[in-house]
Amino acid sequence: MADLSHLNEQERARMVDISEKTDTVRTARARSGITVSEEAYTQIEEGTGEKGNVLATAQVAGITGAKKTSDWIPLCHPLMLSGADIQFEWEQHEPDTYYLSITSEVKVKGNTGVEMEALTAASAAALTVYDMCKSTGKDMTIGPTYLLDKTGGKSGDYHRES
Amino acid sequence: MADLSHLNEQERARMVDISEKTDTVRTARARSGITVSEEAYTQIEEGTGEKGNVLATAQVAGITGAKKTSDWIPLCHPLMLSGADIQFEWEQHEPDTYYLSITSEVKVKGNTGVEMEALTAASAAALTVYDMCKSTGKDMTIGPTYLLDKTGGKSGDYHRES
Amino acid sequence: MADLSHLNEQERARMVDISEKTDTVRTARARSGITVSEEAYTQIEEGTGEKGNVLATAQVAGITGAKKTSDWIPLCHPLMLSGADIQFEWEQHEPDTYYLSITSEVKVKGNTGVEMEALTAASAAALTVYDMCKSTGKDMTIGPTYLLDKTGGKSGDYHRES
Amino acid sequence: MADLSHLNEQERARMVDISEKTDTVRTARARSGITVSEEAYTQIEEGTGEKGNVLATAQVAGITGAKKTSDWIPLCHPLMLSGADIQFEWEQHEPDTYYLSITSEVKVKGNTGVEMEALTAASAAALTVYDMCKSTGKDMTIGPTYLLDKTGGKSGDYHRES
Amino acid sequence: MADLSHLNEQERARMVDISEKTDTVRTARARSGITVSEEAYTQIEEGTGEKGNVLATAQVAGITGAKKTSDWIPLCHPLMLSGADIQFEWEQHEPDTYYLSITSEVKVKGNTGVEMEALTAASAAALTVYDMCKSTGKDMTIGPTYLLDKTGGKSGDYHRES
Amino acid sequence: MADLSHLNEQERARMVDISEKTDTVRTARARSGITVSEEAYTQIEEGTGEKGNVLATAQVAGITGAKKTSDWIPLCHPLMLSGADIQFEWEQHEPDTYYLSITSEVKVKGNTGVEMEALTAASAAALTVYDMCKSTGKDMTIGPTYLLDKTGGKSGDYHRES
């Protein structure tokens, strides 16, 4: 029996140790959005699409997405979220193009931050809007998706500069 | 006992009936991406980040994301995917800004399309890159995320015009 | 080495073989419900509870519950549901007691029935109503929960006698 | 660009913030049950059904249901349960009708109660009994399902009045 | 903007395309096992452990493990299993060492084999036995775990030579 | 109405109460492995298999397996893991047989140990190697799988004697 080789150290994904970090209240907010046609905008506002109430469903998808983040992102630590919320706001970018801005807000009392939970929540909500409106056309575009701000934790607060 | 009210029909999300649609081979490709700093770019290329091999992990996250799409997106039908793949490509947008383009490709033999699976796969891969590089800075931006093309199904093929 | 014993055959749960059953369109409808106080009724109708829109959320919970049935019920076969829907209707049973009747409807093209999916969908919707209204009092009662009817499959149609 | 509208505030489901609540030991017990025919009763007691040991399987389904509650109920907080148990008891209601009473008991050391976990555990156990006995007839009825009592937390103890 | 590099092709995990494979009935059987002390053996046979009925729980864990295989093994295709079963048998290897042999059997009508489902089912059952007996000592050893045989599919049948 | 019987107490699986146990840092390491042919060995080392990078994928499967342990093993308590890692090492056992040794390491700050998480992580990694190499032959054997050591908790440290 011989020890054949050291494996390439580059393949070594790991879930880094956070057991020394302290429990504090941490928050994060992220933003995503989706550009939709006037037809989709009307369906969303009037609830006339074949799949039903778009924003109520996307709201639930965003919150459950926040809860499932460690299931979707392989190296994310599981966390017991204290709270999660999603907000939608319309902007009109061009005559027949509507942009639905999506803001997620996640809170935890724990030993690591919730940036990924906020980003995943916003992404899941945007994907759900796409799913429910795609019979009106597939040219919708999701994003940009980014972190707005975070508070709590040793690395300090973060506020994105616009 | 009295029947009190018809509920507001607007709240009626539903998973629409696809039992009459026929089983055919269907494909979809979607694109997402993420803008990262030079430091993150170097970590990804040289595998020196604390969380390990970024692209190999994002690749797995993308494929498992495709498989879990009906778990992320409330009204998506469960599907037995035939295949899924993710590809990465770097573009340099500005002197110190790097853009990682992410293309997903999903295939099924079934009675509904896989657009959502492709979009979810690309989103999960992008979120995983963010997670593994976020110690280098939180200014990364994900997206735009959109459908490149689809084939198969009664509604015909789709190719996004660039 | 000795063969010590035949294990008690009674412990042998199994997922029974359905590979010989034929693919046909099958449907099932189930009913559940929940008795709530006037305060909860008002919150649901006016959307004034702290957790938000009760019925829209319960609707999503019911549909996702149908999709996850084989994850909740150990010996249920996984199925690719073709469609799922939930309907709510109010009945007033006593001066200050309101009964929310919940009807689920599930459809599949497959080789086993969807009775469990319909029952699970109705149960998940009822539990979600409980969760969202429990700050108004914990005396709510869920049920009875039962199968209304099913169609398709070798065992024939079923209609519950009221 | 114009801000088009305030969305209907009624659609705003949210997972309410519990980060200020304190960690204490909390318990909850719930009850459900199922009415079965004499044939099903005999199968359960003698372990002669085609799907095997009904109560052992329902017991496991109840416990895993408690653990997955935040996956079933969209706005439930994820919790690290400290313990869970299920108990069954037969009652004979009429000559040929048997009622299987199901009691769940769940415990946590955390900052929110486990009422939903107890209710979900009892529901999952009852649904599993239905699944394993449904070849004997589909007239079984689940419920009523309700909270028996809870202890711990700021809102104080609760004991249902029978 | 410049195309910077071809990524290392070695990192490219993919879920290979099976859409051209035909639907046939496929089966697989796998074997695992666990070596336990006399104390654990007695607990299992007499049901006196603090966690309850070991084999009934391991049976359920094995079957649900078969159903969840595509969730645990990243590149496994999702499959709608037609049936799954687990069998246990005791062997006495040395005066105070008992070996519980675990055989899983999985069946599908589909376009790819169920070897991984059988191996995962047997592994999940063995891990569950370990979990339920570990208060009697942690020296238990699981395995070897291997495929016994498979039938169906283009690559033909396989029977392991002992 | 009559109370018919005490159910067989043996069927009573339960998730035992750990609410009185104290939160401390706990670790566990487990080992598994897989015997592969020279062809599979070469594919793994050179990345030439049709499913791509075996070890990077198995690494991710092991870590996500650790996180999902309470979903695989029915009576395991859910835990918020602080860290998880997997290491691979080759041994050559015979001229044309290669053994890939797999070591998992899991850490938590919590009130119960992580032995099951370490064992499940190692098992999931081994199963993933099997899946990715099975086109080279199905004679691969997984295991033995066992606990190497654990630290923390009232029951004290454990080190397996080789």
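Lettered A, B, C, D, E and F in written order, each chain numbered from 1.
Basically, contacts are C-beta pairs under 8 Å (C-beta built on N, C-alpha and C of every residue); 3 or more make two chains touch, one makes a residue touch a chain.
Only a predicted model underlies this, so the values are computations on that prediction, with no experimental measurement involved.
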{"item": "Chain whose Cα centroid lies at the greatest distance from that of chain A", "value": "E"}
{"item": "Repeated interface matching D-F, over half of the contact pairs identical, chosen among A-B, C-E or A-C", "value": "C-E"}
{"item": "Which of A-F and C-D has more C-beta pairs touching across its chains", "value": "C-D"}
{"item": "Most distant chain from chain F by Cα centroid", "value": "C"}
{"item": "Same-residue or different-residue interface between chain B and chain C, half as cut-off", "value": "different"}
{"item": "Separation of mean Cα positions, chain F and chain E [Å, integer]", "value": "13"}
{"item": "Averaged-CA centre spacing for the pair chain D and chain A, given as whole angstrom", "value": "30"}
{"item": "Gap in Å, rounded to a whole number, between the CA centres of chain E and chain D", "value": "29"}
{"item": "Two or more partner chains touched - positions in chain C", "value": "11-16, 52-53, 56-57, 59-61, 64, 68, 71, 74-75, 78-80"}
{"item": "Graph class of chain-chain contacts, one of line, ring, star, complete, other", "value": "other"}
{"item": "Residues of chain A that touch chain F when the two form their complex", "value": "1-5, 7, 11-19, 70-71, 74-75, 77-80, 110-111"}
{"item": "Chain D partner contacts - residues on chain A that touch it in the complex", "value": "25, 45, 53, 55-56, 59-60, 63-64, 66-68, 78-93, 98, 107-109"}
{"item": "Interface residues, chain F side, partner chain B - complex", "value": "52-53, 56-57, 59-61"}
{"item": "Touching residues (chain side chain A, partner chain B) in the complex", "value": "9-16, 32, 47, 50-53, 56-57, 60-61, 64-65, 68, 71-76, 115-116, 119-120, 123-124, 126-128, 130-132, 134, 138-147, 150, 158, 160"}
